[in-house]
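For reference, chains read A, B and C in written order, and residue numbers begin at 1 within each chain.
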Amino acid sequence: MHNDKERAGNFFEDFNLGQVIRHGTHRTMTDGDASVYLALTGARQAAHSSTTAAALMGFANRPLDDLLVFNIAFGKTVPDISLNAIANLGYAEVRFVEPVYAGDTLHCESVILGLKENSSRKSGVIYVRSTCYDQNDRTVLSWVRWVMVHKRRTASRAPEPFVPGFDDVVPLNQLVTHASVSSRDALDEWCESTGSRSMWEHFSVGDRINHLAGMTIEEADHMSATRLYQNNSRVHFDALVMRDSPSGRRLVYGGHVISVCRALSYDGLENVVSIMAINAGAHVAPTVAGDTLYAFTEVIQKWKLPGRTDMGALRLRLVGLKNAMPAEVDSRHADASGGVYHPNVVLDLDYTVLMPRQHIG
Amino acid sequence: MHNDKERAGNFFEDFNLGQVIRHGTHRTMTDGDASVYLALTGARQAAHSSTTAAALMGFANRPLDDLLVFNIAFGKTVPDISLNAIANLGYAEVRFVEPVYAGDTLHCESVILGLKENSSRKSGVIYVRSTCYDQNDRTVLSWVRWVMVHKRRTASRAPEPFVPGFDDVVPLNQLVTHASVSSRDALDEWCESTGSRSMWEHFSVGDRINHLAGMTIEEADHMSATRLYQNNSRVHFDALVMRDSPSGRRLVYGGHVISVCRALSYDGLENVVSIMAINAGAHVAPTVAGDTLYAFTEVIQKWKLPGRTDMGALRLRLVGLKNAMPAEVDSRHADASGGVYHPNVVLDLDYTVLMPRQHIG
Amino acid sequence: MHNDKERAGNFFEDFNLGQVIRHGTHRTMTDGDASVYLALTGARQAAHSSTTAAALMGFANRPLDDLLVFNIAFGKTVPDISLNAIANLGYAEVRFVEPVYAGDTLHCESVILGLKENSSRKSGVIYVRSTCYDQNDRTVLSWVRWVMVHKRRTASRAPEPFVPGFDDVVPLNQLVTHASVSSRDALDEWCESTGSRSMWEHFSVGDRINHLAGMTIEEADHMSATRLYQNNSRVHFDALVMRDSPSGRRLVYGGHVISVCRALSYDGLENVVSIMAINAGAHVAPTVAGDTLYAFTEVIQKWKLPGRTDMGALRLRLVGLKNAMPAEVDSRHADASGGVYHPNVVLDLDYTVLMPRQHIG
């Protein structure tokens, strides 16, 4: 009964260095996607919530939430890249290049940058750069991830290992800024729309914000989000199959964890205009329904933007926790140096955001 | 680690008589919000379901559901007003002034009308009038609520108590009517779109309608609705924190209870065009996931509208019940006179709707 | 307290042969509905996901998912036809006539084609043809279903039984094709958007595809879908009432089962452009929350379309299973011949789809 129409996804043997994969399921983004995203994550970022706020930052229209776009783009790569993944090990060089508006149609392409069989010979790691384009073939987003994938057969021969290097941080000269503040009045109105006057100058390297909000995850919520992204990885949906897995149950898609933690981190970061880059990211531990997520943010670095006085960049570390309040987890223990994270850490995300400055020309 | 970026919300001490608060999170409303609202509440009112039905009532486009607008507006006030609320005690003088269409952007402002410390000195009640504006600063909605809020410290001195008075009912001359019926044909087509010919004349003061439908509430449903409204009150979302609360679990946002009960009350009230006012409202008991909601409606008052033969107003009482059918609860026991409600009553809402009349010019 | 405003739905006695019923709740379809549908079903069909893909198939815009339209239309008939239904016994002659786009407003009408009291005299079966129209009164969809409905009183006299006959299959000359492929380039681009090159020629009668994906159903998911369709049948929503039913709990709306099974069947059928007809369908067993759905597809028949070289029709059988993988259920046991289905079969759907051909002019 088995035939070639049963799409079982690719295994480690199916990938080759330099291979280019064009992904299916092109997707037109709409205001409907924005509303469903809000309903599932509780996101409140001003530029994505309001056309008038977006206009104050110089956008032609309300740009869709950066992480909605990221998750949609990611979902397209799943059938070809990670349907047989054991784990999504990390992200790097995630660059948000163009804002996406309702009506834009997205499609993605990936290239295999590296491969390395595991010592068990049962699986291997692939390093993939994926790029998301709009209907005019403009790049809107690109990212690297490395994924542990099952081999079809332990005995099959692996290619020569090749592990590429990635930037620790997306450098300043690769950050793209579409927003701008035209006047002090525009800035004042923006601050009204966000409810905060904490701008770029207000933050110092080393600041830590313990976000108070928590969000308990339901099966219906994470599955709806993951379906919205047309991500068809069965670990998120099939309770029967997952009964025999280590967790014994469905796993929450990591991108949903990122979205929820970012939504939790809104308070204190109200004036963030957009995400410019994700420098590094790791899903430190799995999340399942019933877990309650919390988050804290640390300010890692501050950059002025060349030739700009209206905007600056902040490099932030967003740490996601399950079933533990931020006050219970100190920054050292949310750290893999020494190889040990606090057992309640689920997400460690290093990312760069755009934020208005107080003094404009 | 505590710093001013940890937004802990306002406490009783932070409010002053006459204080004006401009709320953040401006919000552009879309057709996507309308669809999510339908999916979470089961609302079926004709003018909000269909552009052609809305046109028959003289609307420029399909107005968004009045309670969707109310809940969105309410959500904006939460971070400043009720993040530390113990209970939302009541509503008054809720006036629906302008219809809201997809594309409109809403923002809100509140003024503190009254304050009174509780005898325990641990908390106090604040009386707040909030107003919701569109992108042209036109008022679309205003309402009063009073909220019991924690004090930061029992010892802190309270201001002179001031308890304002409110109208028992939004008077006829403050009701705004945007709808109109241009012809008998338009009325006939409208009735086809609603599936009912029960118009204003059909209702008598004292009528009671026991709505047959029931709706069991799931955690994912009430949380998604509350997130759609960008209402970030933690009591709705954080199961871990709520484990130590009196209910032992997350509470359903009262506005979701209102929306669900109103959706349940559709049968028998199909020809309602819009909500003109909420005269008074109380969340009589908490609702949690697993509860099944039912509703009955009583007709309290009927008004002709001055100079209008096409439309009339009905003042209704919507009583929401949990885990008890309407037939089990008589009208006397759904009443706080004598101070005792039937234990299954969760909502007592006195509101005024617009309904077409049978005989037009 | 009972009065005529308590809409209790129609009973067997209320239906007459030839009776025409115009259904309420006209509905404007939007991109928001499309997004909610994706989030609840995981649908990935190309023409419904992307305006650019839809344009390659000659559509003026992105048509809404055929099953979203079907479920919305079906929902309108529930208050009048099946509020007191015991079971939805079968479908026939479901014809998809016009694509529906965001902005279209749908309404429905039904005619009673047949009636037959059951031997118990407690219930009867009604045969109904329903037709869905757009705002210009063009037919977009029509279908027949037969439903077992409670009688109000066992003693009441039944009309002369009349059981109409239906076509086993919607004949080729009644299938309507709106799509077309204008060039080989368009076809190539389409295949990129679907991620598959398996076209009409690739399928043979007798092929069976065991779809790998599974989807566990949550209460919030099926209720949200059913509310989106404004289907108010209480068996889907009211856990308290259903506690005393045979299942002891809420039942998943059969249309949601169809939508989920079709979404599961995407892999292997990526190039399907649209559903042209449902020839026959039966909900073989109930589905409840917690069940995990799987599906397999069999190719029953292949048709060339008269005068067309760009497109062909495939008649498929979609079998939905609960809590059993397709590999565990052979085709014979998913069959009512002999009257016995495998106990895990929930859906048996015979439908016809439109698919591009490899060789175009």
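Throughout what follows, a contact is a pair of C-beta atoms (placed from the backbone, for glycine too) under 8 Å apart; a residue touches a chain by one contact, two chains touch by 3 or more.
All values reported here derive from a predicted model rather than from experimental measurement.
Homomeric contact chain B/chain C: same residue numbering on both sides for under half of the interface positions. Its C-alpha atoms superposed on chain C, chain A is turned by 120 degrees; the angle is given in steps of 5.
Here the CA centre of chain B is 36 Å from the CA centre of chain C. With touch defined as above, residues shared between interfaces to two or more other chains in chain B number as follows: 30-33, 35-36, 40, 218-221, 224. By the touch rule above, chain A contacts chain B in their complex via residues 30-36, 38-42, 44, 46, 49-53, 62, 192-196, 198, 202, 207-216, 218-221, 224, 266-270, 290, 292, 323, 327.
Taken together, the chain B residues at the contact with chain A in this complex read 1-8, 22-28, 30-33, 35-36, 40, 79-80, 102-103, 105, 107, 135, 218-221, 223-225, 227-228, 230, 232, 234, 237-241, 250.
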